[in-house]
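Heads up, the next two complexes both have subunit A, just with different partners, subunit B and then subunit C.
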Partner chain A sequence: MSPVVCCAPPGDPARRRDGAGLSQVGAIAANTFRETIRDRVLMVIVVFALVMILGALWLGSISLGQEGRMMKDFGLLAVTGFGLIVTVFIAASLVRKEVEKRTVFVLFSKPVSRGAFIVGKFLGLSLTAAAVLAGMGLFLFALVWAIEGRPSGMVLAATALVYLQVETVMAVTILFSTVASAILSAVLGLCVFVAGQLSDNVLSLTRLGHNAVTEAASWVVFVVVPNLTAVDVKAAAVGEQAPDWGSVALWAAYLVAYIVVALALAVAVFRRREV
Partner chain B sequence: MGGWLRRLAAVLVVLACAGGVVAYQATRPPKAASDPRVFVPSPRFFLDASPAFRTAVADAYYLLMVQYYGEHVKTDMRFDSLPQMAELVTTLSPHFTRAYLFAAFALIDAGRPDVSYELLQRGWRANPGDWRFPAYAGFFVYRYGVGKEKDLVASRWYQRAAAVPGSPDYLPRLAARLAAKGGDREKAVVMWGQAYLAGDKYARRKAVEGLEQILPKEKQARMRALAPLVDTMPRAALESLLAELFRGYVD
Partner chain C sequence: MSVAQSGERVETSPGGAGDGVALAVRGLRKTVHVGFWRRPVEILRGVDLTVRRGEVVGLLGPNGAGKTTTVKVALGLMRPTAGSVELGVASLSRVGYLPENPYFYEYLTGREFLAFCARLFGLGGREREERVARLLADVGLERAADVQLRKYSKGMLQRIGIAQALVNEPELVLLDEPMTGLDPVGRVEVKRIIQRLHGRGTTVLFNSHILSDVHELCSHVAIMREGRVVWDGEVAAALAQAATLEEFFMRVVGGGEAAGVAP
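What follows is the complex of A and B.
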């Protein structure tokens, strides 16, 4: 038995007639946010807080007075790790779960476009990620303040840019989830994060000049993989370098554009998919 | 009845296992010192593979370096891999001042003051606003250096440290003392003059004592020896210093 195409094609007037796309997106986003928060995802913040407090006590005894620096470095590492794991694994199953549970039929029986569905899901999960990262970032900020005796705004700035990186990986994971299984999408999403850390290395491969094919392939990979390190200011949080905010802002805009492209591709793929 | 017995037996087995685990942990012999030669990756590897996490990697290796030092200083006093660890940490995080200073002193225990000296020089290049690097470099040259020039070299390091804003006021005195010891009287006079300018009563007394030790007793020769101060000290401070140095002299 062939799968049923549940909703009308994109050009169908039924899909465009209401003109209430934004409210649809908002409703789906709010619902997704409620659904993911209900999954006790905010427990991550509690776990993070406990890990950080225990870490602070432990580091205080072995780092020879460098608790503040260690807390910033390892804290931001934990923010990245926790944020990435939460968002990648939820994003990988977000679309897939709706399709497999057939709840998507209920949604698509109403005048809801597939584009609104994908974008709404992304925005809802973005809110969840924002809540999780804000919780961790603010806790880390307070802890560093308590340890060092002065506030470190760079911790908050670094957390905000980690959020942008996580958003990028989330968009790519949602794209993968429209064509692959949840596990595979999660693995691919994590691979994109790792590859995004190595973007500059890929670029250097294009300049080796040994082989035209390798150079071309490296160039393609360099363009396709998001350059996540360009917006990373973790080293600046421990005083290692002064960030070039102009450059960071440009690269942040690049990542926002990357997210738009990834979501557009996800929508295009999902529209052609039979569910 | 049978169920109750089975449950009791299961509880006893679990308790016996838990007791065994605790007993083993509590009574096992202390861990022997590990191999002093450990694998330390190249800094290049981390700079290429995880540029965004390089400071976190540096922190992890700093903690490892502290543990490595602590373990071997209590046992075999072998620190074969300490120079590589210090290089890795400070290359990944060039502004991690505590790592330089810890490694510099630990490398003395490793019998490698030469590496300590190089490390401090590298730290000074990366952190020119931190007076501790040239001050410790001066101390290491003075303490572990060889050759006739070592006092003068140490003096030059202290001089650099003294020039850093916010450095302690004893540094010019140290520099002057070492310059005098090294035989460079003119430089020593200038540096004692700077120490005198540092302001507090203690600094001025030390400067006068230091100058008394290196200046000739004969009045004219003493005045000639103090000539470099005319260009390097404010007039009022110079007059005050001269008054102290020529107190016992009668026209």
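What follows is the complex of A and C.
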């Protein structure tokens, strides 16, 4: 049987079913934020992260005059690690959980498109990640201020760029979760983070070997995997040195573009899937 | 009005189903591919079904007959392999749906969940608040309105599920196993809701295994077996051929093509 071509004109109420409207995206984002921020597991992880940052006080006390440096080093590591854990594990289950528990049927029987669903979920989790990282970053900022006696803007800048890294990994993890299980998506998301820390170095190393094949392979990896180290200013924050902000801004724009592409792919894949 | 196309997403075309028809399913086929070798399995093998406006219709059939798939395809949640679905309502935004064994956002309260569903239909401000309050009253959940859904019983979840299906004041409501797993009190409450919908002129199609409920609520039934509707008609016509709906159902699904029962 040939498909029936349908003919409701654009703007017709009949088309509302496809609802890619901002109000649907906003509703899903707000709902996702509310749901995830109330999750007890998230709270436990955040409290644990704050305890870890406090633990840096002890490390600082045994480091002979390097308290502030140790606090920033260890604290930013904790912010990155826990921010990553929170977002990757929630992002991996965000789409899968709704499919497995059939909540997508409730949503897609309403004027909600697949695109609005993916984008709304991403934005909602982005708000949660922003709240979590802002909480941890401000806590670290206050501790460093108390120890060093002066505020460190670089701690806040480093935290903001950790947020951009985490957002990139979140978008990729959501893309994985449209085709893979939650566990596999989380593992792949973490792998992308690790690869994103190494791809720049691997490319530099393979260039030293002057082997066309390995160099080409590392170029492919460099292009496919987001270059997360390019916006990593933790070392500069610890040493209170100013990074090349122009370069950081360019790489930040690249990561934003990467996020957009990853989400567009996630929407395209999810549109083709039957839930 | 609405037309589901083979292999494509459901779109809408007002008036497509014809006068007095709320849902018309024609020659609906659905094949899925399962397992590593992508073995094709035909779930629907040419479903024909017509639901007239204002009716309460029971869609019956043993497990695996294709009831849930028929409803999902009708809603555009699944793409048909072939066939068409036409809805006789103004738009798909005028259809309400309760999935089987619904599971909702456990950290939201009942009120927040309904408000979220209302927002998806573009309802805002006072209108949304009033709609949510009325629905909570309709399904008897006013006192639990501000309790998180993870603390709801199965019956309460089923009722909040029905409430979300009604948040857009639909003309056609599709309920997938609305009575499954409920205790007698829960079943009575859900039956009352369906009767109230019928009283307001809303068309209701629901899947069920509980034949006594179908007998009590429905004017018409359609019986599916192995991906086809093998009998459909008035409940009275079924009861003219058997002592009980259960006996009639067993004859239809147990024997050959409609087991010699008259339409």
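A few points about this structure:
Heads up, the rule we're going with is that the second predicted complex is superposed on the first by the 230 of 275 C-alpha atoms of A that agree within 3 Å, B and C clash if a C-alpha of one lies under 4 Å from a C-alpha of the other, contacts with A are read in each partner's own complex, and residues count from 1 in each chain.
FYI, a residue touches a chain if its C-beta (ideal position, glycine included) is under 8 Å from a C-beta of that chain, and two chains touch if they have at least 3 such contacts.
Just so it is clear, the model here is predicted, and its values are computed rather than measured.
Once the two complexes are laid over each other on the shared chain, residue contacts for A:E274 go to subunit C alone; subunit B is not touched.
Shared-chain residue A:Q66: touches subunit B; no touch with subunit C.
Of the two partner chains placed around the shared chain by superposition, subunit C is the only one that A:L107 touches, whereas subunit B remains out of contact.
Of the two partners subunit B and subunit C, it is C that touches the larger number of subunit A residues.
Comparing the two interfaces of subunit A, the one with subunit B and the one with subunit C have no residue in common. Considering their complex, residues 59, 62-66, 69-70, 73-74, 76-77, 197-198, 200-201, 228-229, 232, 234-235, 238-240 of subunit A touch subunit B. Those residues of subunit C whose C-beta lies close enough to touch subunit A in the complex are 1-14, 27, 32, 72, 75-79, 82-84, 90-93, 95-97, 99-105, 107-108, 112, 116-117, 119-122, 161, 164-165, 168.
Across the complex, subunit A is touched by residues 48-56, 59, 62-63, 66-67, 93-96, 98, 102 of subunit B. Residues 1-8, 12-19, 21, 23-24, 26-28, 30-31, 34-35, 38-39, 101-103, 105-112, 274-275 of subunit A are the ones touching subunit C in the complex.
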